[in-house]
Amino acid sequence: MNRLAVQLPGLSLKNPVMPASGCFGFGREYAKLYDLNVLGAIMIKATTLEPRFGNPTPRVAETPSGMLNAIGLQNPGLEKVMEEELPWLAQYDVPIIANVAGSTMEDYVEVAKHISKVPNVHALELNISCPNVKKGGIAFGTVPEVAAELTKLVKEVSEVPVYVKLSPNVTNIVEMAKAIEAAGADGLTMINTLLGMRIDVKTAEPILANRTGGLSGPAIKPIAIRMIYEVSQAVSIPIIGMGGIQSAEDVIEFFYAGASAVAVGTANFIDPFVCPNIIAELPALLDELGFDHISECTGRSWKKGGPTVYCGA
Amino acid sequence: MKTEKMTIVHHERIAKNIYQIRLAGALVAEMNEPGQFVHIKVTEQANPLLRRPLSLCDINKEAGECTIIYRAEGAGTTLLAKKRPGEMVDVLGPLGNGFPIEAAKTGERALLVGGGIGVPPLYELAKQLVKKGVSVTVVLGFQTKDVVFYEQKFAEFGETYVATVDGSYGTKGFVTNAIDDRAISFDVLYACGPKPMLKALEQKFPDKDAYLSLEERMGCGIGACFACVCRVPNSETAYKKVCSDGPVFKAGEVVL
Amino acid sequence: MNRLAVQLPGLSLKNPVMPASGCFGFGREYAKLYDLNVLGAIMIKATTLEPRFGNPTPRVAETPSGMLNAIGLQNPGLEKVMEEELPWLAQYDVPIIANVAGSTMEDYVEVAKHISKVPNVHALELNISCPNVKKGGIAFGTVPEVAAELTKLVKEVSEVPVYVKLSPNVTNIVEMAKAIEAAGADGLTMINTLLGMRIDVKTAEPILANRTGGLSGPAIKPIAIRMIYEVSQAVSIPIIGMGGIQSAEDVIEFFYAGASAVAVGTANFIDPFVCPNIIAELPALLDELGFDHISECTGRSWKKGGPTVYCGA
Amino acid sequence: MKTEKMTIVHHERIAKNIYQIRLAGALVAEMNEPGQFVHIKVTEQANPLLRRPLSLCDINKEAGECTIIYRAEGAGTTLLAKKRPGEMVDVLGPLGNGFPIEAAKTGERALLVGGGIGVPPLYELAKQLVKKGVSVTVVLGFQTKDVVFYEQKFAEFGETYVATVDGSYGTKGFVTNAIDDRAISFDVLYACGPKPMLKALEQKFPDKDAYLSLEERMGCGIGACFACVCRVPNSETAYKKVCSDGPVFKAGEVVL
């Protein structure tokens, strides 16, 4: 038995750890450092219909235990991603989750229709929550009805299961999740970044050229855990959790909260080997905690009546 | 390119807030090009979170050591400055594409222009050019006398001039003033420093073969996160990444 | 001229630095460490009509560059606060901002009516955003109409200016701020804590007995800065900023974002002398940055056409 | 009570994950009561953010030094374990109310019961009791043999018995088993350790004069944040703060 193997809609994962969208490009750089075949899946950089340059620089700023980014969805566009990036990734036996973004519903539908036909794309991840694009982005991810409609439209055209990525910048994340589930989403991924800002003390100017940006990294982990804890108890579709994961222990914490798989974002920048390292460490941690299989951990912080958890203390 | 915990073998303050650190490790075997950089994590804690990009200043293959010179200013470099010989730092590198030595032919004259913390990578460059038989002139610009460093070290390779913005040392003004003062002639220009300096040089020598090293805030340092892009002339969407396509670009290749 | 003196509705502050509510009790403990007279003001612990014990322990958990708390508004109740705590604080020449909380509108009104009569209470701070109290708390701070109505009712009875403390756990902080301004609030304080959670990897149990808690400390600073930046441009009442402040530089960053004064919360636990230290360091920092008076910094990151800021680099 | 950067003069691993650290500083002059604690910040960074409460194990006024024993387990204590003599740690203290020496009269018998990392404060307590002429019996409970410490040191003050949960050393089982085995008699009980142990002792000796030291997660450590409260019997709203009213309470004073 593979203790780390996880089955999710469209995704048969050898392990539940994957790099998060936007933090791994299309895999080429990390492929120089290690064999991508060790990964459970890869969430590629957001793809839009047309190529985008994104925001002016500086695009990143450091914050306490976190970072802000305002990349602005830079990507080579649907055509190039389909012609160059995805075929290159096909050399690896790793399912690809294509992160889809756009400024209008039609954009999303168009990208989803085409990219979901590529054989190594096993699922879509709708990026309705990127706080960096002024037009549309924010609204899709913060109004339940709009998110639901988008989900429905994309589901109609997609040839693979559709995961919707939730924005944490909302009053009621459970309401969002339920609306999206009702609209037919196959899974949720959460959380995207929190909207933040830093100002240079010397110049009084925002450090990011875009002024505001998305906060990621360990700083946001407690917020991600809380939201997954709430949402996983309210929906029955699986959750791929993310937000500040740096270690195998963090992965277990996300599972306990209610995740069925996880993505690692910012931590790739700090330790490019973080994904393979976590994957290698998980079995020993499962032993220590007394689990046979990682999926036993899902939702354990709120599931009643399960077997007593081993307590090391 | 890989990661290694390198050992600090020497650490010294060489000017106001300017530190020179020498690191030993197997990674040195992979370091070749002047202008390449390493990405350093100064703590195992989550804060400060990101690595810091710092240029290779000297590569000593025989000793298996490299030298870096940095200004201790923000959270990361201030922490780094507290590390003592014997301690380790986590280094990712070598990264990026450095200055092309082959651009200057044996017997030609190269002008090396550095500004502030853009000076360090020119040292390994000067070393390699001189070794190849290129004659080297060096112009270094600093804010003020207190932060001047490595003038003597460069002088071993060729004529070296210093400018300070406040005139407290050398020529008063910018590197361009120092260049004007001497009417320096050269075949190839190599420069590293703040963007205004690079722009001034690009405008001053539009027809010269020039190589400029850029700085940009970085996330990954290896080309994956799109934090550090710059634009390519005459295109809406074309771009280069400072970390993996640069940091050294041929003048005109990217929009400064 | 006092370079740090700040005038706000009801508050004539010798400097703009004050301890945040809940992080300083009623001042007695810190009074053993330094002379409270150095403080600009003191925001006392939330006061409710009746005494409250609060939540079971553990009530705090550490997170990357932050902490979670679920104190649950423990306090001795209005009567004791008025009879014992406020008279004791009257020995200091420091204006008190009374943090008012409750489970119903009537609770707030009742507390506000009485506590605003105490001579050393110069302003009220309505805690409509504490995420720990299940009944009411969340709704007051997340529904603009409800927050506005509460503000109006309290304004009617309060003898001193009313500041409303915004919750960051909302989709649209500007909408909240505008509704509260329109309802007659004299100022805003922001931000309260973000709702978060941590789970113990060994036991799979939430670390906080209350399960979720409020995230504070440096981790939330970029979120606070962004929200103050947005709100200060949309309202014309002053903002007392807070969220992760640890240093004089942080204070300036909050001013640049749009704050007119600041409060320091969690940092008091790490360095009990943090408030007097910051106050002592501010004048030198103003010199370095080239400002005569700290109020020149307010909103500087978005105000156009001001004098060029000195750049140290 | 104040803050001081105290100097590490000695730092040693004395059992598995158990470290003994000796700190020098002016703060020692204020340290008097066994059972008082200090609140330690192990880094100047924002992460780990909070101070860590650790008990005074030994107070040496003449030398101006105090000793603390701690288990390196989580983020903060693991960092602390890496500090070397000569380095500083930021200490806030002394905090709280300790064990009352006056509760045991000269010539009386005191039973000291410690569990795991609850053992350290009993050392200073034993020292002060013996000095006063109280006769001391000590029972220490640990998980397993590897983490047993200070048995010999306590034996210098009086009869000392050890219990381990897994039976790998001393009596197999809990401290209560070790007490039963010996039928130890005493006038005053002092105890520090995990809550289940304190509860078992409270139930076992309902009529004895007993003083129990509690542990609770802390924010401020000085009584301002209400993080560390415990309930007072027969009241809905009454409370005591472990950090400033405790950590030592008379049995029955608070609800365990």
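Think of it as A, B, C and D in the order they're written, each chain with its own count starting at 1.
In this section, a contact is a pair of C-beta atoms (placed from the backbone, for glycine too) under 8 Å apart; a residue touches a chain by one contact, two chains touch by 3 or more.
Note that the coordinates shown come from a computational prediction; the quantities given were computed from them, not determined experimentally.
S.K.: Select, from C-D and B-C, the pair of chains that is joined by more C-beta pairs in contact.
M.R.: Between the two chain pairs, C-D has more contacting C-beta pairs.
S.K.: Based only on mean CA positions, could you tell me how far subunit C sits from subunit D in angstrom?
M.R.: Distance between chain centres, rounded to whole Å: 36 Å.
S.K.: Which whole number of Å gives the spacing of the CA centres of subunit A and subunit D?
M.R.: Their C-alpha centroids are separated by 45 Å.
S.K.: So what's the Cα centroid distance for subunit B and subunit D, whole Å?
M.R.: Each chain's C-alpha centroid was found; their separation is 54 Å.
S.K.: Among all residues of subunit A, which ones touch two or more of the remaining chains?
M.R.: 63-66, 217-219
S.K.: Would you mind listing the residues of subunit D that make contact with two or more other chains?
M.R.: In subunit D, residues 46-48 touch at least two other chains, as defined above.
S.K.: Examine which chains touch each other and state the graph shape they make (line, ring, star, complete, other).
M.R.: complete
S.K.: For the complex, which residues does subunit A have touching subunit D?
M.R.: Going through subunit A, the ones touching subunit D are 64-65, 218.
S.K.: Contact residues on subunit C for subunit D in the complex?
M.R.: It is residues 22-25, 28-30, 32-33, 45, 51-54, 57-67, 69, 71, 74, 77, 217-219, 246, 266, 268-273 of subunit C that touch subunit D.
S.K.: Which of the residues in subunit B come into contact with subunit A in the complex?
M.R.: 1-3, 41, 46-51, 75, 92, 216-231, 236-237, 239, 244
S.K.: Tell me, which parts of subunit D touch subunit A in their complex?
M.R.: 46-47
S.K.: Inside the complex, what are the residues of subunit C that reach subunit A?
M.R.: 63-66, 68, 142, 169-172, 194-199, 201-206, 211-212, 215, 217-223, 225-226, 229, 244, 249, 252-253, 256-257, 289, 297, 300-301, 309-313
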